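Below, subunit A partners subunit B and then partners subunit C, in two separate complexes.
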Partner chain A sequence: MADLNVAAIEKYRNNFLKEVEANVEEGEWVKMCMQCGVCSGSCPLGSAWDHPPQELFMMIRAGKREEVLTSDSMWMCTSCYNCVVRCPRGLPITHIMHGLASYALRLGLAPKNQPTRKFAVLFWENLVKTGRVNELKLGLNLYFMNGFIEGIKTALGMQKIGLGMWKTKRMSPMEFFGGHGCKDAKGLQAILKKAREIEDAKRQKFNS
Partner chain B sequence: MADEIKIGAYICKGCGLGERLADAQLATIATRDAKASIAKEHDFLCSAAGVAMIQNDIDNEGINRVAICACSRRAKTDAFAFENVAITRGNLREGVIWVRPDTDEARETTHEMAADYVRMAVVEAKFQKPPSKNADAQYNKNILIVGGGYSGMTAAIEASIAGYPVTIVEKNAHLGGNTAQFYKRVPNHAPYAEPADTGIADMIKTVENDKNITVHVNSRLTKTDGSPGQFSADISTESGSTNTQQFGSIIQASGFTPYDANQLPELGYGKSANVVTQLELEKLAKEAKGSPIKRPSDGKEVTNVVFVQCAGQRSTKEGHLPYCSGHCCLTSIKQAMYFKENNPAVDTNVIYTDLRTPGAGGEDFYRSGQDKGVLFTKGQVNEVIEDGASLKVKFKDLILNEDIEEETDLVVLATGMVANSGVDIEAVVKIDTNDEKEKSPANEIKINVKDISVLNLTYRQGPDLPHLKYGFNDSHFICFPYETRRTGIYTTGPVRRPMDLQQAQEDATGAALKAIQVVENASQGRAAHPRSGDLSFPSFRKEGCTQCKRCTVECPFGAIDEDEKRYPVFNESRCRRCGTCMGACPVRVISFENYSVETVGQQLKIVDVPDEFSEKPRILVLACENDAYPALDMAGMNRYEYSAFVRIIPVRCLGSVNLIWITDALNSGYDGVILMGCQKGENYQCHFVKGSELAHERMGKIDETLKTLSLETERVETHEIAITDIKRVPEIINNMAATIEKIGMSPFKF
Partner chain C sequence: MAKKEYSFYPGCSSQKGASASNYQTSVDAMCDTLDIQLNEIPDWNCCSASIGYAEGGELPRIALTARNLALSEQANPGQDVVATCAACWLSTRESKDRLLEDSQLMKETNEALAQAGLKVQANQKIRHMVEVLIEDFGYDELGAKVTKPLEGIKIAGYVGCQTNRPFGIDGESFENPMYLDKLVETMGGEPLEAYDKKVQCCGGALAFSEPEKSQAMIKDIIESAYDHGAEMIVTPCPVCQMNTEVYQEHINKKYNTKFNMPVVYYSTLMSVAYGKGYKESGLDGQIIRAKKLEEISKR
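The block that comes next holds the complex of A and B.
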């Protein structure tokens, strides 16, 4: 996959668009964008994006592979689905944004210190272990995401809320040790493994 | 019909008229003041009994002029359609009781208003003649079609199916026009996904096998004479033989010429063989016959192609076309598919500033193009340069806001359509009227070289149809499609406005129907659009004519020619009955049987003008019957009140307003005059194209007349009224009433 990163992409050719179609979830929709800009105008976080969705789609068509995949923009999506509802062409924009993010992560091109990216990785790893999200561990992981001292500080600050939740049986400190899971965590992991195999095979087909 | 004028005045008491105008003694006024032979009142005039009463008077009492004083002339026209008599209407309902309050104070002025309208209706009837049909009318159902392209052949086939013999004159050796050069067309049916066969070969076969259609190829019209129902055309072949034939109507489907791409050197045209126009690409695709399209310079298979939209069009640059040709976006999508069809790996980039895909399937076709992998880039192409064997396209990506340089094998320019509309007769007139000194040879050469007449009309106003805009032949793109300013000659297809095949097909069908309609109307001596069915016609008193040529120059429809002594020659079938000639005539010798300087002039003179100290001014409104008069009627229907001092006379068009009416009104003591016509100028709404504009021009000089009478210039106003100005018309009237209150009464009262 590494050689893909340096593959010469000609401008305004279909190469990168085809790569996106093959590798990104719902990527085959990118070519259907008609550049009306309704998505960009509808995004509640639009001002925080370097490149709004419409622009990202044009960049893909223009062959700006590096710029798109290393971009912070698609990580800003909060899945409000405003754009999907409004897109006159019916593009699943939210899904494409997550698809792009996920593909960039897999290629190792996603921006390293992007908070959404960090959270997404923590969440996923937390989830697949038992098939249930362990809220206590996820919370603690988040506290310590940016280092030990900041983690202690945040934890102390949240002390009262934590005790309150314990008292009202919203959260058990016992979850720290293993915690509860779904009925067949091994089965779930097998499913995910198989899904990954299928996806990889698909990509292999495109890349070969 | 008896020669003696016998006027019957009929006053309706229905719709509340009876109660509101009970003591107005309208019948007495009709006979005593206006000299009607008889005057009758009826409780319900438009009922069967009321109509029978009038018919009985016509049949047994010798009544030959009927003045119906009831509702507006726009209402109950079916009930009051008496034959062989002149009919006038006094508008007591919409014009009087509905615009006046039902109060004791208002009663007197309301009654005066009603009395005046009765007088006006009766006196108008007195000066009218029942119109008789054109004695010169002829029936010729042959239709001449100029141009044997897609539009011309569609019109021919449609007219032939309807039972009208058609003759096609085509300047080239083959039928089919530009369409015959196409490889495929944009699809015209669902699912609008793939380029389709043009169908032109079948169409040519249909035309050639149709016994009702005669085709002259290699031919041109060298002379066109006459009027609807009796056109005479000289059809000359290239070899020089000429044959003259008679036709009922003419359809001009002379199509378009592609914009000359040599004017676009910045886009590489003419410099590199690999920069082609859309039409040239069709040729390349046709030659390839489904195999890969090769670039012209070296025959290499094209692997990369860039389409440049709006090349030399939608641009304000000199020499560029300012308009959108409408078909080019869809055409480029179609042509990109030619490449994708053969090899989906070919890169096709359509660079556009605004993508427009008109028509029912346009959006589907666009999506189909995207689905096939055609790349669409919103950008502005600045330059195409030759770079070795390939080309470099320099453009600005308008989404990413970046200057880009793309390498490509082939560039296709989407150049626009230029109408084959013949000589710009208005430009010729301009040069003709300029001083001899200003007559530069350059101007003349430009016209002589560029414009070859299509129709070669013998009309006084020039050999071709007047252009509307950008050289397209039409009179109003939206309101009167196909209607040109030459009655009985219709344009269709891209000569009328830019369009694609789908639109041309609909357009040509419509034009065929128009051509049939005018043949039938002309045969009965009736007017064509917009006064369809009107039998009246202008005549002139030759002994009074000063040969000033104003009528022949100003007629918006070129209906009036000149004889060798420069007297006007009216061509009745060409006339649309607007009366612009009547308004133009400085010696007032032109009149219609039922509409003349007298019918209006006598109406405004019979109005009772109270003296200066009565505090009852009089305001004359001359309202165009097309938009302003309906707006006034609707103001009445909405019960919007306006001044009781106003007297409204409908006119056929503001262009028919003769200045004598204004001076007569001012001399008879009217305090104000308002002219209401349609919108003029570039986005005109005048139903007779130039009428309102001419009226405004003529009224531009009224200030001088007012000054010589030492009257205030505020006393005469001209307004442009749309049919929707229902609230505005009462305001205009009331404002004039307020103005008069301020500046005082006219001193010309007797």
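The block that comes next holds the complex of A and C.
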């Protein structure tokens, strides 16, 4: 998607706000931020953000494209919606954060080793395979997402939790060999493929 | 009273052998007493929760939930869609709202759905099970079915995030929702009066990717329950339940605490109060056993 990134830079040159409005989910709301900071103060992981939402909104308007899109910050969103219900201007902040993260990922700018980025991609890939999340495989993939040695360490650390889940029948080893899924997983995949095509085509149009 | 019917979206975690299968067990028991018939949406799919957005993007994510709605319209026409999982409810309701307010999005979504011969109108109401209980039954009616009141148990009503925000339950405040406390009281239990962490985030999906940050929040949720004298925590959300139950040992190691707090669902409490047995109430799904409820269920 590096091409998409180059095309976007060319097209919007000095206007990152316009780029966000055209390409980021709910991005047209960014200009409405009045910099009160309630979102930043309401965020449960606020202290973990290099740039809390209010700051990201200002940076977008100031054209700090690279700093925003390569930031780790929006990946700290837990989707608690505190900011959304408290924002005096009614900005759908959670969705804008999701949108920024997703756009950065599409452009190839999201930080490579960001754990939530990795987990989010694993989650989507997992659900698309059968139409339903396979919790066992998702868990195993998660343990090993930072390499084999790390994975063994994590798996050992989680052993007791896994055992507890298994004993109470809240985890099934059978999920490893297939398990639950949609009968029409193929139909679902066709829907998602088409939806992705439509979304990409719209971005191409904006960017050409 | 006539049987009430709903189009049911159970969600991935409620399936057999999945992390909230005990939630489903207790929901079934509760619905049996209340004479609720849940008509499962045939071949439903995952909603992508609040983590699928990054790779999924906007339209694929909405198409995902739209497929469920299209299947529901086909199989259970005219019935409200009911979800028990907070994330399932939130994603579905959000998609429905977006589809109805944006005709272009509706057009594109239907273009995608046509790949599998489906079409969505998104004209059904999307509700959480808790809304069904409060709005279609009401506390008095729910209380009338209690045969084994949960006398003398102090229970912390941990509402969490996604059944509370951004939609919430009608008539409740985002900052201090009371419905869980009222449900506890209706079942004969004793709600905490000043549980300050009742709407604190548990980290949600970030419990997996940012375990240390999330466990610090989970610690506060459990500690506050202890500080206010709770013997167990009750929650309406599968992610809240799992996060606050399974990491207690990790937290004990790291923070030198001695947490051993059972975390149950509202439907677990209700099943026990309605006289259902240990297994029917999903009590065998507790990693940290809810002994006080076990005693009542055996009476």
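Operating definition for what follows: the second predicted complex is superposed on the first by the 185 of 208 C-alpha atoms of A that agree within 3 Å, B and C clash if a C-alpha of one lies under 4 Å from a C-alpha of the other, contacts with A are read in each partner's own complex, and residues count from 1 in each chain.
The rule is short, and it goes like this: a contact is a pair of C-beta atoms (placed from the backbone, for glycine too) under 8 Å apart; a residue touches a chain by one contact, two chains touch by 3 or more.
In this text, all values refer to a predicted model and were calculated from it rather than measured experimentally.
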item: Touching partner for A:91 - first (subunit B), second (subunit C), both, neither; value: neither
item: First, second, both or neither for A:133, with subunit B first and subunit C second; value: second
item: Per-residue contact with subunit A, leading partner among subunit C and subunit B; value: C
item: Subunit B versus subunit C as contact partner of A:117, first or second or both or neither; value: second
item: Partner chain(s) touched by A:12 [first = subunit B, second = subunit C, both, neither]; value: first
item: Which superposed partner A:56 touches (first subunit B, second subunit C, both, neither); value: neither
item: Which of subunit B and subunit C A:69 touches, first, second, both or neither; value: neither
item: Subunit A to subunit C touching residues, read off their complex; value: 25, 44-45, 48, 76, 78-82, 84-86, 94, 98-99, 101-102, 105-106, 110, 115-121, 123-125, 127, 131-133, 135, 142, 157, 160-161, 164-165, 167-172, 174-175, 179-180, 182-184, 187-188, 190-196, 198-199
item: Subunit C residues within the subunit A interface of the complex; value: 12-13, 15-22, 43-46, 48-60, 62-64, 67, 108-109, 111-118, 161-162, 165-166, 168, 174, 200-201, 203-206, 208-210, 213-214, 217, 246-247, 249-250, 284-287
item: Subunit B contact footprint on subunit A (complex, rising order); value: 11-14, 17, 31-32, 34-35, 54-55, 58-59, 61-62, 64, 89
item: Touch list for subunit B against partner subunit A, complex; value: 304, 345, 347, 349, 355, 366-367, 370-371, 373, 375-378, 397, 399-400, 404, 406
